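Two complexes come next, and they have one chain in common, subunit A, joined by subunit B in the first and subunit C in the second.
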Partner chain A sequence: MALPSPNPTPHEPDIAMWGGVGSGKTAFLASLSVALNRAEGANEGWRIIGADDVSNSELTRLRTNLLEHRIFPRPTDVLTSYNWLVIGPPTRGRRVWWAPWKRHPARAPKITFSFLDGPGGLFGKSEYSVSKEELIKSLVKSRGLIYLFDPDRRGQISDAFKNLDVALREVESQMLGDDKYLDGKLPHYIAVCITKYDEPNILRLAEEYTDHGLELPRVPDDQARDFFREVLARDLDQNAGIIMRLLEASFHESRIKYFVTSSIGMYADPDKGFDPDDPSNIIDVPGQDQKIRGAVHPINIMEPVIWLGRMLYPKTMGRER
Partner chain B sequence: MPHPHIGTKQTNHSSWVSTGRHLRARASFGGELWSGLGWESLGNVSESELRGQLATLIASFDAPVVIAGIADPGIKLFKLHLDEAGTPQVSRLSRLTWAELRSGRDLLDQALRESLRGSVVESVLVIRSGSGREQEAAGRVIREHSVGAQVIEVTGVKIEGLLRDLVAETPLRQAYDLVVVRERAHDGTLELVGRRLFAKGSVPGEPADETVTVTDPSGVLIAISAWATPVQPSALVSLHHAPLPPGRHRIKAVLERPGVVRFPGIPGLRADDRPWSEIVAALPVRLAPPPPPVHLICAVEVTGTEEEVGARQERAGELIELLADIHPDPRRVEVSVIAYGGHVFGNRYPDRSAPEVAVWAASPIQALDALRSLDAEPSQYPVGAQVEDMLAEVDARLRPGTQATGTVLLTVGARPPHPPRSDTSRVLPCPNRYDWQQLLRGLEQNHGLRTGAIWDGEPRHAPPAWRRLGSAALWSAAVPADEDLAIRLGVLPPSSAPLSLPLIT
Partner chain C sequence: MSTVRAQWAIHGKLDRSWEEYAVIDSSHEPLARSDFTRIIDLFKSGTMEAHEQTKVGTSYFTGADGQSWVGLSRQSESDSRDGLGRIFAITEFVCVPWRELPASRVSYRALYDALNKRGGLPGPQPVILEVAGYDAAYLAGKVTDIARAAAALLLTGEHVCVVGADHLDFRERLDFLDAAAALLPYGFRRELAVSTWTSSSTRHRIRLSFAEVAPPDSTFKLQWRPDGSARVHDVPGSERIRSYVMQYEETLRGYQGQAMTNLIGFLAGQIEPRSFEKPEDCRSALSLLREPLPEPQPKPRPQPLPKPLEPAVRDQHTMSAKSPVQLLEDVLDAFRRWDRPRLGQLILRLRELADAGIPDPDRLSCRQLVRTSRLRFQSYRLNLPELQSFVPSLVNLLFTAPVQTGDIMEVILPEDKERRPTLNLRQLVCEELALLPGDQLSPAAKLLVADFSGRKQLQSMLSEMADEKLMEAAYELQSEVPTRIAVDEIIRRLFQEKSNMIDIVGQSNYLLRPIRFIASGEERIRYYRNVINACLGSPPRPEGLETILRQVSEIPEDFRAAAVLEAPPRSSSVLLTAIVMDDVRRQGLEGTPTGIAIDDRLSRMATPATEPTQTDEQTDDQDDDQDDEKPRRLNRVRNTLEGLFGVRFFGILVFVFAIAMTVVLVVRLR
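Coming up: the complex of A and B.
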């Protein structure tokens, strides 16, 4: 059976992002522009721009913090709506049958990216009901979702579960109430990002899923789901195991993809390169802002966005999975 | 002469009898001999004769003698006896005027009863320097109490003064020793011995001296014991505390009188009234062994505020000064000073910072100068310091064979070492990948290193790394370094019970 269309409309955002407290949403965005700039090969030529002045200046601030001040964005405490445009390299002009000597002008793929930045625990707190409504609206209207899950926040898996559970129930009640989606699943594509892969304890946990053949270690996409399952299984909170089932019950299995991500990547010594004995790229001093130690090497930051773009615009970007 | 113990002198009962016109001491083990003599008058004697007879009596009597002095103003009763150390003592028992006695004969009866009470054998000597009805009556009363009493008649003598002068002038009836301590040759245990100061028969005014070693910084006890015979246990004559500093001293003594030895030239000398048994019990079994040579390595973290670094310098300095002051042989003390800071992270270029050896195996004075020259540095990475690099530096500098020297590493700082590789502490690994625990183990095993630490915080809150660094002693930078720290570190010998008596070698 053909899956229902995510129903793209030209003025709605393509991708919305959400995650729990401290899951690294703003760090993800800050890193996205760096990752796009640095991309090589198949992903080369992408960039991100602000769709309005506020979003543009926020983008500049995020980049400056990350690259110049070498600090992470501060946690969000007010609800702010940002709109960005992720623009890819133009595709070669297509010939048409009625005028084969002509080519249509090259077209660059554009993915609109909305980000309603609010406190991570929004869904667990009744006082944010207005903001929550905004966020739900954003999730309902988007066609692709980026869900960030922080595996390093011990003891807060429960919050992550509550956050996801409440958000999905709200979105489902708005979208599945009528007969539009007969299979009872949400139509979105969803990129589940297991963040903070650069944390030494996450790296250790991911050891058996890691590909060490690269400049920096990385969990291949086909191992990410298993790693996510292990992360959840290791948590003492009994709700942890339900998170994956909740996601896979709400979305079509074929529209879910897991990514193990890091906004800043691991530390690589300028002379010696990456050393598994010294992977942390964060200078963590209690009572002070965390500082970034070395060069930023985003891992799997642009990949979820581009994957979503390809899923949403298979004609312009070429579908792959 | 061995000094088995110092206790109460045991004497036989004895008394004196007259031979012709002379008094002489005569041993008696019961009352039979004396009781058969009856009242005996030795007749009139001159003052010098009396003095001679009494001097002989004082030099030879054993059992107490009651002396009744009957004079014009009244009657005085004295007791001549030997104290525990065998020293003759004269004490006045009572003094009654004729006016008092006229009011009732009972007074004299009572005084005599009290004077003679408690003695198996009492000798009574009556010295009558006045005549008259009352004097005769008093004589009769005394006779009723002591039928064997002897009477000497003399004119114009003040009996009390005479007796006291004669007791003070009498030659020693026992030898006097200075109590000293010496080490037994075969096992080094300490024993008490006597060093003869005054032989038996020594007379007041005679000088003596003995050279001894004082070991206790708080001074020395000067104890004089008396010996009745070469083998007879002795008794303590006097005990004084002399505030003499440790070292060899020549103690000069002068026999003031029997029972009193003077020590001229010792300022601050005072009598000590502690029980002798207590002093003996507190003596150490052995002398503390001489401390081995010491090499104290002070590794001071110089990152932090000026106050923090200043406190660390002060504590390390106190310990070095203490070593220089108290160590029995300061020439065998070596001190090194190493300043270490923090690694630098987040720079484009690799961290090249390293600990700085300010001075190595130098004298305490040089080490103090080097310590004072260290400057505080701001901390760029306040959760870790180059402890591991400092240990690597120490390891590189210590040569094999340093075990003979007591090498002590004192780490003074606040921050923990960097781990060799990423761990749960979130402290970034040492850029040189030094393993501080492995280095420390190696130093301990290969060089017999002892480790102590002075930590900025309260030792009970110290993290595990600082507890490990302070295995032998963990001290707070807020508390002045004292002898206790030095002993725990092993740079000073453990304090044994002080030797309060003079030592002879």
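Coming up: the complex of A and C.
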């Protein structure tokens, strides 16, 4: 019996994303456009649009759910692809030697981000699955990775380990089998995101790494790795400690960057601002979806994407670390 | 009604679970849980989002033993939450061996209704589903141009996606999918995956589905329109496939009303498995469609009884074994003989039968019997209790709610409009239909019945009918006179400048189809002129005409002529743009470089000149042409040079040349 082929993905993914069940992958994507709109300072002026009608409508849906309906995305059931364009602020026009009297028009950096968002538990399944195969393919073909780790999964760290371990083994067996990568490391840039920083217990755990000098607390990027190590060390599961070693053994150390992120941020009262004793931005409504309590203040959501963009497109965006 | 044994599974999460979606319960034999996981995984149509309607989809697969299965899933929100407090989706899945389906000719809707009626799914044994019979008349009533186009396009082997139907209830979408599938030989259902909703950002395997936006690939996109109109224009692939699809769609258009019901019944009999991936199967579908439909089987005559009995006694013995047609024949016979004792019993039995409902083929035969009956009733007999109880039962037997015009047209004849001292059976049926509550008849059927009941009834019906219902009736009616009445009434309301009516007419393609149905030649142009004139309002403005022409998809020649005749002053560019862009769309040039160039050129041509006289205009045009010619020549030279030397080299050349000329000038000046 002939099985129809699925409608093809129009773009190969530049960036792939993976993480365990409920690690916040879709919420990350939903808040990306909000983060870009809210950005100030060096990251100001960035925006995101859909590269086609489908991605545009998905982007609108994700934004509407987050900002208007004030709800989180439902658990992802099936592999979903998003093809987005992230457009930066235009650079100053350049002069060229053959026409020094005129300035060339300013050009905005434009990066295609094609994400594949799949159910978190795909790698935990031992049996073959079409979606799992496609997700592995996307990890192999992409050049940048976003790995989401949920530190609030009480007793679920072993899942996260299994998820990471299986995925890395599959990708390594496909990429390192031949002599293409002589150093035995995967060539990707990887942004490791420790998610759900807005959860009160994570905030408490991150207390000593937190920079309180800002409107909302935040773990600076140079502290993120240490915080990740602490999160893993506190877990009773003996595999937890291996997660960081697994990552640093599989990728070049210079190509890994850690971020402590939150898709919705902490609750900040419009008049009084952030209250450390009342940080939760989520309300539990019986029989309904959980609601977002106040304004959405994404923390470190656009930064991993812009960092990967800078690493992957140094000419367009200017490389920095 | 037939029964099928279905295997079942439930896919979702357990309450407060931290696990991923999985099959959480299922029947045990002969399919394993891994089979269910695989099949549900393969035919997922996208993550179920908040505020989404229930999703119904079909799938198919081959079991480990080589047996083919057809599945149906119903996905809805759960009452529980997962470990993270998120509401998740629960999918109820049933599947039936393919070999059991053709025997019962199960439709998707019937399978869904059976699953719905069944309630909970018990384990681990299979579930017995009571599935309604294949209702060809019901499916024929759901066939629209979009369904025809979808069926024809499916034969290319590509996916088909219907957009713009977000507002429809999922059951209506399921009926549409069923209707499109019914326009193909039944054997294709073995490999047809459909879904009432898909997310186009998901890489799904659903051949025919609804979505908000069509996927950006080779999937065919069909736009849902309220009037159901659609036409296949652009079919990629070889000329042969294109012509083949067009022919299939065109052939389907030839079947209307009862002929469509017959065709669907015939196609349901084509049960040998077919594949969309096999061109020969698709080709043979067209040849099948062109075959003359088989003649209906002759009605079985009642078997002669061993011993002749008195009519009343005989009926008492055999009534329960009689088919509805035979029973109706007996009733009519009893009326003819005015056999009152026998009549009472027969009418009683007929009423019971009508209340219980009869299969569609029997209903069609009964309609035929009433249509051909010569029985007439004197007016003094109309109040007799036998007749008073017979006619409502007969109407109940002949029709199911909501009654459509096609159903009525199968019973009544044009001459029934004439009134005589005696009334025939059809006229009595018509009068009874006029008494039915409003929701029992479709708007068009109401108009049709009122038209047959007399001018007064028609006038009162028209005056009460809402604008939307009137428009619905104009599109649905398949009879010339009431359609003309509906169209005239719409135009009359348009001239009253009711903005609501103007909007409705705009959304319904400016009555193109009903007017095409009732008028031709100059009369048709006159109708179109009236519609355009009324919609333009007073004073007519070019922008109004532009709006009208933009809303009409595929502007027919006679509508163009009417638009020219009704065009307000200074609207030539609007007309030209609309007509040319319509041609661009028809030829599939929209968005191509040629299409964009034409659009640009039209925009430039439409730039208003400052009150030019006729001679000024001509001069301006000539000047324009000359002005255009200069940069064009320069560009040509530049392009040639650029082609030869490249852009940078050309820039350098010009720069060096300029410096050289400056040096020469300076030297000379010295």
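The rule is simple: the second predicted complex is superposed on the first by the 298 of 321 C-alpha atoms of A that agree within 3 Å, B and C clash if a C-alpha of one lies under 4 Å from a C-alpha of the other, contacts with A are read in each partner's own complex, and residues count from 1 in each chain.
Note that in this section contacts are C-beta pairs under 8 Å (C-beta built on N, C-alpha and C of every residue); 3 or more make two chains touch, one makes a residue touch a chain.
The structure displayed is predicted, hence computed values, not measured ones.
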item	value
Partner chain in contact with A:Glu68 - subunit B first, subunit C second, else both or neither	neither
First (subunit B), second (subunit C), both or neither touched by A:Asp284	both
Touched partner set for A:Gly22, first subunit B, second subunit C, both or neither	second
Touched partner set for A:Asp179, first subunit B, second subunit C, both or neither	neither
Touched partner set for A:Glu40, first subunit B, second subunit C, both or neither	neither
Subunit B versus subunit C as contact partner of A:Ser81, first or second or both or neither	second
Partner chain in contact with A:Glu253 - subunit B first, subunit C second, else both or neither	neither
Which superposed partner A:Asp271 touches (first subunit B, second subunit C, both, neither)	first
Touch count on subunit A, higher of subunit B and subunit C	C
Residues on subunit A lying within both footprints (that of subunit B and that of subunit C)	284
Of all residues in subunit C, those that touch subunit A in their complex	13, 18-21, 34, 37, 41-42, 44-51, 60-62, 68, 79, 82-89, 157, 159, 190-191, 193, 199-205, 207, 212-217, 219, 275-278, 648, 651-652, 655
Complex contact set, residues of subunit A against subunit B	70, 200-201, 269-271, 277-280, 283-286, 291-294
Subunit C-facing residues of subunit A, complex	1-10, 21-22, 52-58, 61, 65, 69, 71-82, 98-99, 119-122, 124-125, 127, 129-131, 134, 153, 156, 159, 284, 287-290
Subunit B - residues contacting subunit A, complex	345-346, 348-350, 381-383, 420-424, 426, 428-429, 431, 433
